[in-house]
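The two complexes that follow have chain A in common; it is paired with chain B in the first and with chain C in the second.
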Partner chain A sequence: MATHTLDITKDHCPMTFVKTKLKLAQMAQGDVLEVLLTDGEPLNNVPRSAAEQGYKVLGVEHVEGDVHKVTIQK
Partner chain B sequence: MQKKLSLIAFSGDFDKLTAVFTLATGAAAVGYEVNIFFTFWGLDAIKQKRGRSFVGGNWLTRMFGFMMGGLSAAPNSRFNFCGLGPRIFRHLMRKTHVATLEELVDAANALGVNLYACEMAMHVLGLERKHFVHEVKDVLGVATFLQISEGGQTLFI
Partner chain C sequence: MRFDFTEEELNRYSRHILLQDVGVEGQEKIREGKVLVVGAGGLGAPVAMYLAAAGVGTIGIVDGDVVDLSNLQRQIIHTTPDVGKWKVESAKETIQAINPHVKVEAHREFLMADNALDLVGEYDFVVDGTDNFPVKFLINDACVMAGKPFSHGGILRFEGQTFTHVPGSACYRCMFKSPPPPGAVPTCSQAGVLGAIAGMLGTIQAAETLKWLTGVGELLTDKLLTFNAKTMDFRKIHVKKTDKCPICGPNPSITELIDYEQAVCDLKNHG
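Let's turn to the complex of A and B:
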């Protein structure tokens, strides 16, 4: 079980979702993805849409400033 | 049942195509089935040749084909400034880390967005399947598009 990271703090809609989705698609079942993202639309919707698509959201934690880390398991 | 978004891409304008591919990639990334039906000027977005080229069945449609161009020749609906407008937008998009139209098209293909071409508009403009990118799934008429889009949301851009 590998852990992958993805930084989408500089991206905007829709690439925040697109990059997360494409990264999750490349990963093996059981792998974990740590996504660094910012407040607002990405923080509100990346974990929600991942959960809706059947991925397991393991946690959301504040890193610093407006940056958060969302941990998703495939 | 999977949620569904179907878009009718009528416009060949740079800004409106950006809206089409932003909605398409965003929806596909959050788990929607996405269908785009390209008709009339929208067909420019799926031409194999992204610049200007004389594609068409006769001299008139070949002239049309050249004037319309492909994806990279798409004009702005406002502030086109003889083609300078889209260049300025592309520059601003790169500078602000917003995906450009070409990046959105690539993302749509990677996400498996379904691309369809309108049979009637192709006939009028002298375009054939061979003129389009290979990602185009099929050539359709209205009845088949209605069947494909049934049960989801449909937008005309």
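Let's turn to the complex of A and C:
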């Protein structure tokens, strides 16, 4: 079970979730993805959309400044 | 699957990728798809344009006609400066302007008994965008023989009808045994058609094609969808595959393709 990372701190909605979906599609079932994103829209939307579309959101933690890390399991 | 979409493609197709039922996987299937659109007219125009916008990898277009001024009332893939151009060339230009990622295969010919199986054989899915019964039966027969799925479409005056065939589901001849005699039923070129209903029906056919490519939802198989734009009534009529069908039944009486005779007026007014 591998862990992957994705930095979408420079992206805007809807590319934030589009890139998250692309990364998830490239991963194997059960793999974990750590997504770095900024607060506001990405922090509100990415974990919610991932959960709605059947992925497991394992956690959300503050990294530094306005950057957060969302951990998602495929 | 490759999933090697560029940043530009991810942005272009983002509204598909966001859909749970389509996603990156579905977009990849759309990109790998090869669709043949028969006729670059009223139905073929919206079909080809939406499939191009959707990112279908290869779109073949069959049409041996040129753009006429009277086509522009409904055939929105062609514009006023295109009058006199080959329809396949005009359609190709529009498609490539919409989406340069699409490979367009322009077949400047009419679908006939002697080229139908070869053309249909090169594609995964076929869309009937023609305006006359002989070719509608030819598309049906060629697709049944080749085991290809297709979307049937027809419009006249204010009305439209469509169904989708996949191997094993009801075909056009399960519903209608043979073409009406030449001249018995008017075509758009004789009876007229409200331009916008070409868009109404063509976009349904485009949606069916994308559903087939991605495997999403339920197709219009064993169902004939009809509508009347005057009342905006839509009906779904359940139809059954029949063992008596002369082409898809267990003992087919039709074993080779047929070029049925067309009314003389139709030959002068293709599209």
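The definition used in the following text is that the second predicted complex is superposed on the first by the 74 of 74 C-alpha atoms of A that agree within 3 Å, B and C clash if a C-alpha of one lies under 4 Å from a C-alpha of the other, contacts with A are read in each partner's own complex, and residues count from 1 in each chain.
Heads up, the rule we're going with is that contacts are C-beta pairs under 8 Å (C-beta built on N, C-alpha and C of every residue); 3 or more make two chains touch, one makes a residue touch a chain.
What you see is a predicted model, and the numbers here were worked out from it, not measured in a lab.
Novice: Check the residue A:53 against both partner chains and state whether it touches chain B (first), chain C (second), both, or neither.
Specialist: Both chain B and chain C are touched by A:53.
Novice: Examine A:12 and indicate which partner it touches, taking first as chain B and second as chain C; both and neither are also allowed.
Specialist: first
Novice: Between chain B (first) and chain C (second), which, if any, makes contact with A:20: first, second, both or neither?
Specialist: Only chain B; A:20 stays clear of chain C.
Novice: Just checking: does A:45 make contact with chain B only, chain C only, both, or neither of them? Give me first, second, both or neither.
Specialist: The answer is first: A:45 touches chain B but not chain C.
Novice: On chain A, which stretch or stretches are contacted by chain B in one complex as well as by chain C in the other?
Specialist: 14-15, 17-18, 21-22, 49, 52-53
Novice: Which of the residues in chain C end up touching chain A in this complex?
Specialist: Spelled out, the residues of chain C in touch with chain A are 1, 3, 5, 10-11, 14-15, 17-18, 20, 23-25.
Novice: State the interface residues of chain A toward chain C in the complex, per the touch definition above.
Specialist: So the residues of chain A in touch with chain C come to 14-15, 17-19, 21-22, 25-26, 49, 52-54.
Novice: Across the complex, what residues on chain B touch chain A?
Specialist: Going through chain B, the ones touching chain A are 22-23, 25-26, 28-31, 96-99, 103-104, 107, 110-111.
Novice: What residues on chain A touch chain B, complex-wise?
Specialist: Chain A reaches chain B through residues 10-15, 17-18, 20-22, 45, 49, 52-53.
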